[in-house]
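A short worksheet on the structure shown next.
As written, the chain order gives the labels A, B, C and D, with residue 1 at the start of each chain.
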Amino acid sequence: MGSSFGDLFRISTFGESHGGGVGVIVEGCPPRLELDLDEIQAELNRRKPGQSHITTPRKEADQVEILSGLLDGKTTLGTPIAMLVRNKDQRPGDYSDMAVAFRPSHADATYQSKYGIQARSGGGRASARETIGRVAAGAIAKQLLRKAAGTEILAWVKQIHTIEAHGIDPSTVSMNDIEANIVRCPEASVANQMIERIEAIGREGDSCGGVIECVVRQPAVGLGMPVFDKLEADLAKAVMSLPATKGFEIGSGFSGTLLKGSEHNDAFIPGDDGRLHTATNNSGGIQGGISNGEPIVIRVGFKPTATIRKEQQTIDSDGNATTLAAKGRHDPCVLPRAVPMVEAMVALTLADHLLRQQGQCSLW
Amino acid sequence: MGSSFGDLFRISTFGESHGGGVGVIVEGCPPRLELDLDEIQAELNRRKPGQSHITTPRKEADQVEILSGLLDGKTTLGTPIAMLVRNKDQRPGDYSDMAVAFRPSHADATYQSKYGIQARSGGGRASARETIGRVAAGAIAKQLLRKAAGTEILAWVKQIHTIEAHGIDPSTVSMNDIEANIVRCPEASVANQMIERIEAIGREGDSCGGVIECVVRQPAVGLGMPVFDKLEADLAKAVMSLPATKGFEIGSGFSGTLLKGSEHNDAFIPGDDGRLHTATNNSGGIQGGISNGEPIVIRVGFKPTATIRKEQQTIDSDGNATTLAAKGRHDPCVLPRAVPMVEAMVALTLADHLLRQQGQCSLW
Amino acid sequence: MGSSFGDLFRISTFGESHGGGVGVIVEGCPPRLELDLDEIQAELNRRKPGQSHITTPRKEADQVEILSGLLDGKTTLGTPIAMLVRNKDQRPGDYSDMAVAFRPSHADATYQSKYGIQARSGGGRASARETIGRVAAGAIAKQLLRKAAGTEILAWVKQIHTIEAHGIDPSTVSMNDIEANIVRCPEASVANQMIERIEAIGREGDSCGGVIECVVRQPAVGLGMPVFDKLEADLAKAVMSLPATKGFEIGSGFSGTLLKGSEHNDAFIPGDDGRLHTATNNSGGIQGGISNGEPIVIRVGFKPTATIRKEQQTIDSDGNATTLAAKGRHDPCVLPRAVPMVEAMVALTLADHLLRQQGQCSLW
Amino acid sequence: MGSSFGDLFRISTFGESHGGGVGVIVEGCPPRLELDLDEIQAELNRRKPGQSHITTPRKEADQVEILSGLLDGKTTLGTPIAMLVRNKDQRPGDYSDMAVAFRPSHADATYQSKYGIQARSGGGRASARETIGRVAAGAIAKQLLRKAAGTEILAWVKQIHTIEAHGIDPSTVSMNDIEANIVRCPEASVANQMIERIEAIGREGDSCGGVIECVVRQPAVGLGMPVFDKLEADLAKAVMSLPATKGFEIGSGFSGTLLKGSEHNDAFIPGDDGRLHTATNNSGGIQGGISNGEPIVIRVGFKPTATIRKEQQTIDSDGNATTLAAKGRHDPCVLPRAVPMVEAMVALTLADHLLRQQGQCSLW
């Protein structure tokens, strides 16, 4: 309830920025899946703070330890895979002011109202550190999907503040293109503008948001469980559970609302591979809540980071008006580090639906 | 799995356009809730086809029968409330062509690929008729939320095709304003343009989409279960499970990605009622995944109806290219009838989270 | 929550003895399963009251209507199968005294303490009438298991009050043997004694209990999900959710606690059919929580019916001491009618685990 | 799915005898619960091997580390509590023979048939080591129940092989009585016979089973969710998921099947504390699936340990007949160490139902 995600391929995350560590249990992974542990660590490295000068300078090794579920490098007897990352570089003092003054648009105040206890030490579970478990589990989901269906999942930064990239082709963009720069925008010229913008806003003590786009290439056909667990519905939930998200689109998204049916419909055309193809992909790879085999394309909007160094008006826990200028070491923009988080949530959603599809539809 | 929604306040829907009827079981409703049955029927009337000349001319009485769970007008011993609406005005012949030619961007093809059987008679569960169970259950959720917290949920049409209403204030708009016209846009002058646009596009044999906005006023404080079941994540899933949805926003949404943190953050101000208030509401009533008591504001994008009378290129179930011009009686625009569906899904999500909040946080 | 059972093959029941009817939604059934509707009705007939002079004389037709989920006699697009049985022979007056005096060992008092409302009209959901949905859904589960693995599930009365049958061989007993007499004990001579005992006790205005045994022959190998969802654990829950149950055993059961390991262990022997066989079956077909292919054998203890005509000491809803002699029409012994209920719960458990096994272990 | 238990108070266990460690995540625990960590460790000490000469001589420190979810000794913001116990005293060589010869009545063969991979190193998740997570989580559930309702949960050994204790009164037995001897039977004279019997059978290289009884004193009234999640049904599942269990009884259990209704029914009598009391407790504290406030009394049958030093007939993984005499260090009787496991599973079940009851029935 709240810290678990998925039905058959199910993860439960734990841990906050204070305490012994953060991690995840992956339950339901099929047996005899050979796991590349370096790939899990590589995904965590893409997520970790301090990776470039446009992210928070906090340093965390974020080295993962596999506690259970593997034997000779393979998943074993349907047993849970537990992964642990120890907490290291804690400086609770950075958050001392926040203990009294609620950060505007952060989780401090709502957590207190819900749980009747004051959040401290960097926001507890509202800290981005919580996403470590998601990314580690997502790296396993990716390997499962690759083995089962040859599926590839890639996300990238499409927009930072007012700067948007228009030249990225979801059907051909590669991991190398994305990782070629620190902002993770595969359109190189735009990437440079984005980096400059983040630097400039960061220097002001301010923050910015943007849009991440994600593609699933070669998804299994038939994923999704109408009517409530349509694939796009579960993808929406998956990514909207990430910190700082404000919007979700699939395929044509909100711009599709401006088209007529005759313009928006994706005409069916024959394919070489035994499945129907479509001439366009306004559907974003999902029709009637079920994947049709075309690339799944989604976009996620992230608001600007709530914690900023600029002075803001707020209220302290005694109800008195005050001002707050955050100290600490915060990301001026979460998007570069959120790219692997989006990929992870998409992978987890698809892995779960793959097993659910097997469950209901593979007997005969 | 797929036809159930919610954890504690849980609904399971059943039925398709062919067969004996459609309906829903509501499980987990608190005992001793006095139910206004007329209100349930009224919500179904807002959803039903044939209600105006801009919806499908199909006529369905959609009269609901309560099969169980009530005694003397009240919910009883925690028992499931089953509701049934009989199918009446079926004309399977309307769909005879579709049995062979896949409707572009409809669920026909993906259902067949997933279940290995041909969808018929209006799309089975992909039919909008499936949403009857949601709306009936949502009407109960609304009454629960009203009694428990004085909560009010209202949705309206904000945009049809390229016509958008800009003058609606979510904090004051009323049900009367919304129901004042057949397109359910509470800005009267814009509503007329919308109706004309739908008529014009319908005459072409084409269809259009748009955007529905929804507000929750006076929500309980503290709803939402970080980290995966954040309230906005579950709202996103809820509405993205409705037919024809392509996008979801909360609060500032995608436009919030264009702001800096100092502009986007909602400053806290003292309130008269013992809870923190915010000067602005870019958060859309949810911070850190938890409702803060401010109005919850979301927007949902709907694509143009897939089934159109205009001739389209497609493929038949033998894989041959063909064309299709739908007969049948289809909505040129689903949005007017989708308004109560959005309200219902929002109400169901909040009712579930209200009980979940009670479960974890009401012992001491 | 409470009225649903199963994860992938999931049922939700509804209805009580008052109101429009009782029924069930079956969710997650694989597509393209040909359903024998007569078989569903036949199971309901085995359960229904008034079937013989040793059951309650209440007459209910218990005719089932399939509301959804079928097309041309087959399950269709993964859609829920809803089934409804209308309520007919209601005589609320029979329960008028009980409205004030709590029946000892019945659910009246606990329901009132939990839900703050007085149970009426035969106990609401605590009525055996609730099991109609289970039996109807179980009849579908049986057909699924038969098609998928050739599985056969049979239960019978093994003990009534102090009379126990010792000559029944679970590996060969047939449905015909069981249905050969009204008490459903396949050992004919013992059956007659049982019937006489029930008649005698019934004449006293008293009631009796007993033990039902159930075998699953040719179960799929590999069902069960350690460590919490071991197959015997889920079977225990399944049958212990039936009204009036007091005990559960698998294989050697409590008598197995009297053996040494060297006596109790089932030696492995080679089989002709590619799976390991065991020389004995103290394990009852399940080892380590997983079915091994040997017959699954369980036993369920049922207490004597709580509602009796004999006068009993009790308390009324005002807290005053009083006596109660039930009127109404009650079974002196629930076991003959509980036989199909046990079979149904076992079938539902196995169907769910079959799909869960497919989900996790059928990819490669 | 399989390694998680509970709906609102939910645990997920991980780990096997090989690998880095075993543990558990507790999700859904109410905030602001002060946790006595020594009590958690004390429960683990009652479970751990090597605690006396009648258990396996394997030595494990089983020292628990709390990784998350606590701040200043209290549960915090609804955050998961992760607990880890490192693996230490591994001797995989002890199991080398078992890698080829399937242990009769152990999980080796079924795990292999289900997952297509050979269990090794002590049975993986079928090892009793898996129960560490249950016991640690159960210790938290006990503290929650004590604070919320003053509930006390105690289990003890009632029968070992053919020796049964008849003088234990569930309403007065104390933890001190139980812990007064190494077999955990509070009837001292019988305890000595039990210890001698275990020693004698152990010397033969054989094993024995028995019965554990458990009482819940002062349970909250109203726990249980008819019709499927009746409290006794969930208790049955809970304890039948423990290794080596063969039977479950509540209240009068199987012996209750020998009584007539007039003998078995528990007459209601007035109480001093505002709730109904019963003159007898054949119901075992649960009526209609709901706790009535009387002590909940259950019994669990455990078979003799499967792994024995005596030579047994079996089959190796190539299908050839062979014999096996286990080396390793195995418990001749699991019951003394299973006492805290039974308490833990009962506590976890009640904690979950307490929160579920709050969720549905505490609004008004």
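The definition used in the following text is that a contact is a pair of C-beta atoms (placed from the backbone, for glycine too) under 8 Å apart; a residue touches a chain by one contact, two chains touch by 3 or more.
Worth saying up front: this structure is predicted, and the values here are computed from it rather than measured.
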item: Between chain A and chain C, the fewest steps along chains that touch one another; value: 1
item: Of all other chains, the one whose Cα centre sits farthest from chain D; value: B
item: Pair of chains joined by more contacts [C-beta pairs], C-D or B-C; value: C-D
item: Between chain C and chain D, centroid-to-centroid distance (C-alpha), Å; value: 26
item: Cα-centroid distance, chain B relative to chain D, in whole angstrom; value: 45
item: Chain B and chain C, separation of their C-alpha mean positions in angstrom; value: 39
item: Of all residues in chain A, the ones touching two or more other chains; value: 1-4, 7-8, 13, 28, 31-32, 78, 111, 114-116, 125, 225-226, 356, 360-361
item: In the complex, chain B residues that touch chain C; value: 1-4, 7-8, 10, 12-16, 18-23, 25, 27-28, 31-32, 65-71, 74, 76-82, 84, 111, 114-117, 119-121, 124-125
item: Contacting residues of chain A [partner chain B, same complex]; value: 1-5, 7, 13, 102, 104-111, 113-116, 123, 125-126, 130, 159, 161-162, 201, 204, 206-211, 221-222, 224-230, 232-234, 236-238, 240-241, 245-254, 256-270, 275-276, 278-279, 282-284, 286-293, 301-308, 310, 312-315, 319, 321, 356-357, 360-361
item: For the chain C and chain A complex, residues of the former touching the latter; value: 7-8, 28, 30-32, 78, 147-148, 225-226, 354-356, 358-364
